[in-house]
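Working notes for the structure below.
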Amino acid sequence: MSVIDAGAALPRQRIDILPALTPLLVALVAAPFIGSASTFVTLTLAGLAMGMMIFTMASGLTLVFGLMDVLNFGHGAFISLGAYVATLVLLPLAGWSQADSLGANLAVLLLALLAASLVCGAVGFVFERVLVKPVYGQHLKQIMVTIGGAIVAEQLLYALFGPEFIPLPLPASLRGSFILGNAAIEKYRIAATIVGLAVFAGQMLILNRTKIGLLIRAGVENREMVEALGYRIDRLFIGVFMAGSALAGLGGVLWALYREQVHASMGAELLVLTFIVIIIGGLGSVGGCFIGSILVALIANYAGFLVPKLALVSNILLMVVVLLWRPRGLYPVSGR
Amino acid sequence: MMILSGDGPRSKALSALLIVIVLVLALAPFLFPGAKPANVAANICISVLLVASYDLLLGYAGIVSFAHVMFFGIGAYGVAIALYGLGASWGALALGVLAAIPVSVVLALAIGLFSLRVQTIFFAMMTLAVAYAFNVLASQLSWLTGGEDGRSFQVPEILRPGFKLFEGDVFGVAISGRVLSYYLVFVVCALLFLVLLRIVNSPFGRVLQAIRENPFRAEALGYRIVFHRTLATCLSAAGATAAGALSALWLHYTGPDTALSFSIQIDVLVIVVIGGMGSMYGAIAGAAVFVLAQNYLQALMGKLSSAAADAGLPLLPGLFHPDRWLLWLGLMFILAVYFVPTGIVGRLRGRG
Amino acid sequence: MSAGLILQGVHTHIGRYHILQGVDLVAPEGETTMLLGRNGAGKTTALRTIMGLWRASQGAVMLDGAPIAALHASAIARAGVAYVPETMAVFSDLSVKENLVLAARDGPLDDVRIEWIFGFFPALRKFWLSRAGTLSGGQKQMLSIARAIVEPRRLLLIDEPTKGLAPAIIGALIDCLKEIKRTGVTILLVEQNFRVAQEVGDHVRVMDGGRIIHQGAMAALAADSALQSRLLGLSLDAHQ
């Protein structure tokens, strides 16, 4: 029976490291132009924090797309919804969030993140059953129905919370900056980075170490075969959709605190950003989404400093460059 | 039937509806004098052209693009920049249009070649991102575009409200530059609509539909998919650019809100679905219904809202507030996608 | 006789195409039934219909007496049907081990059974933690079959396992199929390679135009070259 592996060379484990190094490369290229070390550190850390927030919002979208080929144009509405839910927690509990106690501050922040995730997950369930499920596999209708859902959701948010910007102050102990050498590092950015990294680590753990995670990865590649092995991919999918919506809400809270205000239009703006990120990363790839988020955010920050006029279109230029290099994104998912 | 390229409405009810709409549009300045009806009518004409050119892409080629409003904006900004910079002459107007169309076509070509090889959904995302960036760019380059404020400009003299073609009235209506502007819009839209109708009924149009139905089969039959789809994208972009130029000419103004806003894109998508995808006539029916509803239903919503407020009902005043028009539009849109996927045209043809 | 797999008057439409046009087929329990026929005869569609990946528009599919045609693919799998598609469909992003962990849906991997599989697919032991995407075509086929037998199943549907494999590997595969058969599982095997069919098949069914046009013992068909060329025509020569 040894004939089977006779002549079969040991397949080399190819780990594609190059795309993962691109953020480093970008930082190295940008550094001499920025000149001052402290500015560079500030910009880089700001970029990382922003990248982690974008990743939190975008990672669910890429998995939802990978698993069921569903591109949810309503994803942005969950970002806004999460932010509004946070105002419902943080504003009435302003006593806690403005108290001079790190414990109380963090407790109320965690409560807001939790509430936003739960509400968005629950609304995600309804959204999936009512809007997405009836049009599985029909791309055109799917795009249109989820756009319709996004419009309705945004308008409902306006109707419920009013059309004005709602200010959302940061918890007291997350305001201000540390001074590291000459560089000022905003405390909140550190906090956002920690949350984003935790989300990434959690996802990686689930995807690589649990059976559910294996099922998701297998389903992204070939959902029919997953069913032929005896699993209900539609149940798996609704779970992923809810988790993705919850993460969008979580990201929405982070972003709203970063901007210190909430408005229903933020979802539509961030939707474009999340699309760019998941295209750059490779549709369906969480790791690609992570690298893509960091890249987009770093370049936005560097460009904002070096060529402010270009900053807002820098991510489009980045997308074009990445796609010229790798037409299916940094980490194309096999099987699609 | 020649003028309709052998593709008639094929339903008595639909024919009647279309005849009424076209006749009313043709006679609008005489039937309903006044500024608001003229705006509504011109808006319908421009929407018909914009939507018909979008339907070439969505309904016939099965391509979802979110950059259609960008091409509309290029036309509008082309006219605005030329007339603002060079003065109100026909030469400047021609230059603006003639510069805008190649810009649109080249951009459409680039997007098409870049992303039409892959899935529909990829194209949709790409166009959304590009259109968004273009919008940002237009607001940023204020030396050229006037930024957020946009550009107001003069149009050639005979199109100005003050101009009178005759001393007297015709059927009780003074033939002002405004009326002439309206007829310019109407005639150009009608002609370009007929051109689009011809395109979708040409062999090219049929190949597009074959590709939409079954790309693999079409490719096996020897049709070059990317070529056909890219050409459709370019033609559609040119149509949108013309609509944008007319819109600028009618408004004497171009700004991000009137020319590039994403809500215009949403409106176009909604009109295509309401009217009926994959039928040019859907653009006429959909645009008429939509624009009328947009202009007159909002007033009704205002009344409902205040009535609900007077009755002390919770939440309803907010939901019926005229600013929440998009809420009801979104709901209508979702219901239309589910239950009337063939739109007004499909319903009237009895295939609803 | 109710044990094994029975198809009665099964029709399957794919889009506008009417692929299966009334398939009647019996695959007796614990034996290997070959499904032969030209390209486009409907063999793959028959397997996919049994697996529930295409829905039969008409007719009945019975597994050991129970109707399964109306079930969801995952429920059919849980009823004890395993599928090795022509494309192999290994999850290339997952390791060999992870592929098998997923296939073992009823619990953790059974070490004894894994050793049994390693016995005829030693390459899987060697590349246990490698990404399945890095395996060779033959090794992917091993993995795909291993996935189907990692837990005891009642019915295996195997679609052209020898396609594109080197002759030496085909020999190994034949031994493996015989070994699997010894466990008492019912096998329905689509195969273009007549030599393989002759080696492993107990029964043979020949399809053409979406119907079964011949049923009989494999040995009888193997012995009758006139019948072979009438039923299988050129497709036979092309693969010999």
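A, B and C label the chains in the order they appear, each numbered from 1.
Quick note on the criterion: a contact is a pair of C-beta atoms (placed from the backbone, for glycine too) under 8 Å apart; a residue touches a chain by one contact, two chains touch by 3 or more.
The model shown is predicted, which means the values in this text are computed figures rather than measured ones.
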{"item": "Chain contact topology (line, ring, star, complete or other)", "value": "line"}
{"item": "Chain whose averaged C-alpha position falls nearest the assembly-wide average", "value": "A"}
{"item": "Between chain B and chain A, distance of the C-alpha-averaged centres to the nearest whole Å", "value": "34"}
{"item": "Chain A and chain C, separation of their C-alpha mean positions in angstrom", "value": "42"}
{"item": "Centre distance in Å when chain B and chain C are each reduced to the mean of their C-alpha atoms", "value": "55"}
{"item": "Touch list for chain A against partner chain C, complex", "value": "1-6, 8, 10-14, 211, 214-215, 217-218, 220-222, 224-233, 333-335"}
{"item": "Touch list for chain C against partner chain A, complex", "value": "51-53, 72-74, 77-78, 82-83, 85, 89, 91-94, 98-99, 101-103, 105, 119-123, 126-127, 130-131, 133-136, 138-139, 142, 147, 168-169, 171-172, 175"}
{"item": "Chain B contact footprint on chain A (complex, rising order)", "value": "65, 69, 71, 131, 134-135, 139-141, 143-145, 147-152, 154-156, 158-160, 163, 268, 272, 275-276, 279, 283, 309, 312-313, 315-316, 319-320, 323, 327-328"}
{"item": "Of chain B, residues touching chain A in the complex", "value": "58, 62, 64, 114, 118-122, 124-126, 128-130, 132-133, 136-137, 140, 262, 266, 269, 273, 315, 318-319, 321, 323-324, 326-327, 329-331, 333-334, 337-338, 341"}
